[in-house]
Amino acid sequence: MNLKSFKFRILKENSLQPVRSWFCLLFILGLFLPACILPAGASVIPGDSSGDTCVSDEELASSILSYMEYSYLGKEEPHLSAEELSLAAHNFRHIPYGRVVIPVSSEGDFITPNIWYKMGVPTGSLIYEGLVTRNRDGNYDSWLAESWNSSKDAKVWTFRLKEAKWQDGEPVSSEDVKFTHDYLKDKKLKLAFVLNSVERVECPDARTAIFYLENPDPTFPDRLSHSPGIAIFPKHIWENVENPASYDEYASGDTHFIGSGPFRYKAAERGQYFLLEANEAYHGDSPYVKEVALKLIPDASSRLFALQSGEIDVLPEITPVEAEKLKGKDNIKVYNIPDATGYEIAFNCELFPTNDPLFRQALSHAVNRENASNTLGNAEPTETVFLLPDLAHDFVNPDCIRKYDYDIEKTRAIFKASDNFSVDSDGKVRYKNGDQIHLKIPLGGKAHMNRADEKILNAIKMDWEDKLGFDVEFEVVPKDIYLEEIGESPIFIDGMPGTMHDDVEDLNNFYRSPAGSNYYHYDNPKYNRLMEELKNTTDRDKRKEIGYRMQAVLAEDVPTIPVCSTGTLVAYRTDRFTGWESVMPLQAGILDKKVFLNIKPVSSQAS
Amino acid sequence: MLLYLLVALLASWLAPYDPLEISGSPCESPGPDHLFGTNDFGQDLFSMLLLGSRATLLFGFLGACISAGLGTGLGVFSGFLGGRTDRVISGTLDVLMTIPQLPLLLVLSIYLRPGLYLLCGVMGLLGSLTQARIIRAKVLSLSTENFVYAAKGLGLSDFHIMFRYILPSVFPLTFVKFLFGAQHYMLLGVGLSFLGLGDPEIVDWGQMLHQVYSGGGFALGLWNWFLPPCFAMVGLSFSLSLLGYSLEPWLSPQLRHEKQAFFECD
Amino acid sequence: MVLEIGNRYILRRFFSGLLAFLLSITLTFFLLRSLPGDYMTDLLLEIGRYAPPELVASFKHEVGLDLPLPEQYLLYLTGILKGNWGHSFEYGLPVFSLIREKLYWTLVLLLPSSLLSAGLGMGFGAYSGWKNGSKTDAFLLHSLVFVGAVPSYCWGFAGLFIFSFRLGLLPFGGYVSLPGTEPAGLFRHALLPVLTLTLCSVPGIYYLMRNSMLDTLGEDYILAARARGFSESRILFQHALPNSILPVLTMTSLHCAHMLAGSVFIETIFAWPGLGLLTYSALETHDLPLLQGIFLVDTLLIIIANLTADLLYPLIDPRIRSRIRGE
Amino acid sequence: MELIEIKSLKVTFPTEAGLVRSVDCVDLQLGAREKLGLIGETGSGKSVLAHATLRLLQPDALCEGEILYQGRNLLDCTPTELRRLRGRELALIPQNPSRALNPLQTVGKQLFETLRQAGYSKKEAVAKMPELLRSVGAIDPDSWAKAYPHECSGGMCERIVIALSLAFSPSLLLADEPTKGLDSLNRARIITLLGEVTENRALLFITHDLEAAALLCTRLALMYAGELVELGDKAAVFENPLHPYTRGLLFALPARGMQPIPGRSPPLTALPDGCRFHSRCPEAIARCRSQHPPLFDTGNGHFCRCWLYV
């Protein structure tokens, strides 16, 4: 019955020609095409009305010169407008001027002192300050602390504070330091583990704070200054906060974000922007820029658009591909902050076949670091050292550098000499019984940005498979079980945590305490003894000497093969602010006090 | 449509490279070696596009299959048997339908760390709820029709009636819903991968878009990287929905009586 | 009016809504807790190798992750009834107030765009159905099928690219500009995301409306009205439109509730700090309590939309009204 | 002069299955106050004829021929002219009365609107409504007016539809199967009602109900597969049916032995050559198969389309 009525069911849709639908499609696309062909109109930099455009010192000098020439010699008119001259004067006389806009990718990146769940105040915070801060020379800069020293056994650390003021006018006192310590521990905040070794803090006077440690700790300033570092909080505000877990600083009225840093809170719109202004009462040199705006742009593409259109002035943490493509654009410059983050091929020294030191040594020669770094685009090859020379400086044992250069022949030679392996005529390495060497390497899923580890492994895999005849297989492992997975894998790639390789103390990574284990399942009694010795040594030269010996042991055992260290690529607009490259922050991207104290507005000749 | 299916089937022969293999240097421009150039990883985009069609199509069609099949089954059962079965099933459907789909999918895709098939299954399951409702309504109206009474009068078993009489009548509707479902799920699947929640090992267009987008290819104007998956997806989705829309009036009962009144065919 | 519909009907609807809500609470709770991988592992990855076990334990205790599952469930349930939806791991703020704040901004987008899309979709759909077979109808149908075939984020990009980047007409996203920059009001900020959302939901409503219109036009009372010599516009506005809007209305209210979920893409692209963006960041950080909260709010909104539709329907359709009364 | 004159009317619909010839060369005249019964089985083109008369067909329907209403060709009228004629002069009582009422408006509202359309002022319309409802047999007009269509029974709906068509006091009433689906009691009432209300009007009564037609009409026209096959006075047709189809219909009546006509009517897209009834005709001759019979005048205004009456 239905079939018959089907026949009569004619509908008008069917009479529509299919051609017309394509016409519609073209029509819609046609609407957008003109807009795509038109030149980008957004090259005008917004915000000039508020006086962002400035001149540099040189320009000021030359303009004054030409003005003098005009006045005294009757020559041509000066080039600069009155406004530009006044801006130049601002720079010259160090009066804060202009606003720099930086994108942040998530709300968490706003400098909120949410000390309960987050890692604490970032060391790069512009509002809050710690006692000391580490610099790239392996030394410390003073921050809130004017000077510091330790007792001979490195158990008592005394900090002498600067004469600083909180941004609400209260003086910074040693009570605040003590309060910060007590507060973190009393409220069992996440950050408390940094201060675990501190027994108590004493304040003999308003500007002296003394930390008493349970064990000697020659690197205590290191602990305080980074990963993640401790910032000092104003006691008079935080002592009223019972439960930091639900303390909402945005809603706290006049006591918004009171710190002691070079910038102070000006305005904020939750989830939109965070605006800071120069703190004129700062105890150090006040910044050249008047305002710093952190703007939330969660989307990577939007960030790039914003940089190109001048909405933002600087874009940190871009990918190498983005850097490559941005280099050609007008008014945009890209630079690399060599970083303490790196990648290594780590071994599990207990599992077969990586429990054989010869195997590890042999593979160390088979890593083409040059190649691997190139695939990343922002990386520098690091030779077989377990501390980064860039950061650890003279703590690096010179004998260990270039010990394992890239040489497949050497690899083959080591394998040939080994009892467990054989090398056939093609140069392929086999187990003694003729089996192929099979390596399964876990990859951390999408956990790692830009899949850098995958790129590195891909570069190395070719050598290992083609030249050595291994069978290398990657296994993508979800982020949350990755840690378990690498515990059971003989070979894995590891991102060297930032600033972990800058001090001999960090060689602790390879130490096996009587109770615990380490990442590499590495256990060398000689090394462990050296480590214990190091922990009880405070003398710098002695520590260096022990460090050398430890590195020598490691170079022999090769629990890991450092491959390369990466940097943070930053793009900035050249027509807005200058001085980005004058300071290379140690970590935390460019959101570093030192960077923002150094940048200056530039003049834009075009305007 | 057919072209897409063909490409998906023949992808492995057509593709010049393994899509995951790094076959060139990063971000090459289109050229004879790499038809659409390479991505930031050095993988061949043309091969990725071809092989990506597989996962994308599979996602759409599998999801739609599950939702259409399950939904039809449930709907027919519930609508035809009536009584308590119906009340239980439709009550459950009502309650389950209020659970928002996309958020649940997002949550699941994070926590199930899913294979393609699992996600398809969940999507299909959720989609089958709506489908079941539509089919049930249709079956309800069908069961009052004379031919069903007649069949009942003949003493045919319920199952026989369901399979021989009801199922063929609802099939056109199911088919149209299947087409729309396929489009919907395809877009959804691509959307999930686009958010970076897909299976990292399986290449699909959503993942390609995700890579372009998070890799900045879009903002930097790398058209060869961005446009092919975009156009492929839009084209497929457009053709699917056109097919669905043009078939719908033919197959669905909704617009029937427009002219029927005049011809009075019984 | 309410009494006229019948209390039993309302009660039953309400009860089924409540049931659905409870179900989704239970579902999410057990699903999320029983699956491998919880927040702690992520946290450990973040802290690296430093965090001592006692800190982890105290953290777990603080969040209540160390209790047995049924107990956690009970705590959670009572908490939700009390308005305590837990604390976000990532933000450290109570989930409830966090969501409430974000919901406001989402609604700022959602309300105008759902009104717009309902209006446009119904308008176009009615016109298209009324002029069935005409060139305008064909044009509308095909254009909107195409619009609907393109995913929302593609339209988002296109809009961002053209209007913000190329033409520089509209701001890049967010709802406020930095103080002191160009005077871009909320309207200019919201324009693009609202338009994009609208663009993506118009085709669905349009197609429903068009079908419904075609259906209605085939009805006898339209013919009868014509036979009585009513003018065309009168037939359209008095007979065809009210009757064809009915079935679309319920679908539209649901559609709008589902737009909420769809705003994940749009809000991420336009940096609009609403629920969608919150969902996205909660997903990225595996923020369990927050995800659950968002999921609950989504469910709640859909239930409310459902209820509204259910209650609205008998108010406008006398047939349903008397059926309910008959029950 | 005749009130309405249909001259060789042809209605065709283009479909994918081919051209549907719903109405094929129909000639009919109807005088003022004349009551004509149009009889035929489902699909014979009766309703199409009625709708064609009011020009209510789909725009893609092709109408040829002439429909003269008081000398004016309706097929040449502009839409505005048509609108003035519809309701006022020519009123339709559609099929399925329950579906011919807007389900969202009360009966009273619809009646009110129609009365307003007929030119009454608001006050007049309100006053006229109960009167009109009473005239179609409502005992309690107020409660009728408050009811929604779905709350009314089939007979009630039918009455309301009749009331709606009477609102204008038209000169011709086209009743499209008003007795369809009613029980015998209601059927009788409706027929009586129709008889009453058309006392001063012409009526085109479309039905497949021979008995109802016999009660109400003075002349009968029989349609088969889009054609008129017999036309004549009631008495003549009933007592002396000429066409085998008419005879078949009469014998199918319960009172006359209930013998069904074998076979089915042909599809309108593929009409057979020759007489369209020949395959089912017990008296078919060779000529019926090949040649299409014209309408023969057998005298006394009795026409028949059959080769038996050459």
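Going by the order they are written in, the chains are A, B, C and D; count residues from 1 in each one.
As a convention for this text, a residue touches a chain if its C-beta (ideal position, glycine included) is under 8 Å from a C-beta of that chain, and two chains touch if they have at least 3 such contacts.
Being a predicted model, the structure only gives us computed values, none of them experimental.
J.: Select, from A-B and B-C, the pair of chains that is joined by more C-beta pairs in contact.
T.: Contact tally favours B-C.
J.: Which one of the chains is farthest from chain B, going by Cα centres?
T.: It is D.
J.: Just by CA atoms, which chain is the most central one?
T.: Chain C is the most central one.
J.: Measuring centre to centre with CA averages, how many angstrom lie between chain A and chain B?
T.: 43
J.: Distance-wise, how many Å sit between the C-alpha centres of chain A and chain D, to the nearest whole number?
T.: About 88 Å separates the centre of chain A from that of chain D.
J.: For chain B and chain D, what's the span in angstrom between their mean Cα positions?
T.: Chain centres of chain B and chain D, defined by C-alpha means, are spaced 50 Å apart.
J.: How many angstrom lie between the CA centroids of chain B and chain C, rounded to a whole number?
T.: Comparing mean C-alpha positions, chain C is 21 Å from chain B.
J.: Could you check chain B for residues that touch two or more other chains and list them?
T.: Where chain B meets two or more other chains at a single residue, that happens at 113, 218, 238, 242, 245, 255, 258-259, 261, 263, 265-266.
J.: Of all the residues in chain A, which ones touch at least 2 other chains?
T.: Answer for chain A, listing residues that touch two or more other chains: 8, 10, 13-14, 21, 25, 301-302, 305, 308, 478.
J.: Could you tell me which residues belong to chain D and also touch two or more other chains?
T.: 20, 51, 95
J.: Give the list of chain A residues in touch with chain B in this complex.
T.: 1-2, 4-6, 8-11, 13-14, 21, 25, 300-305, 308, 318-322, 324-326, 375, 377, 445-446, 450-451, 455, 458, 476, 478
J.: Flag every residue of chain B that touches chain C in the complex, lowest number first.
T.: That would be residues 91, 94-96, 98-104, 106-108, 110-113, 183, 187, 190-191, 194-195, 197, 218, 230, 233-234, 237-238, 240-242, 245, 254-255, 257-258, 261 of chain B.
J.: Spell out the residues on chain C that touch chain D in their complex, using ranges where they run on.
T.: Contacts found on chain C: 219-221, 223-231, 238-239, 242-243, 246, 316-319, 322.
J.: Please name which positions on chain A make contact with chain C in the complex.
T.: So the residues of chain A touching chain C come out as 12-13, 15-16, 20-21, 23-25, 27-28, 32, 35-36, 38-42, 44, 46-47, 50, 99, 101, 106-108, 114, 116-119, 188, 190, 192-194, 196, 227, 245-246, 248, 267, 269-273, 275, 293, 295-299, 301-302, 305-306, 308-309, 311, 447, 478-483, 497, 519.
J.: Where on chain C is chain B touching in the complex?
T.: Residues in contact with chain B: 16-17, 19-21, 23-24, 27-28, 31-32, 35, 37, 141-142, 145-146, 148-151, 153-154, 157, 161, 207, 211, 214-215, 217-218, 220, 257-258, 260-262, 264-265, 279-280, 283, 286, 291, 294-295, 298-299, 302-303, 306.
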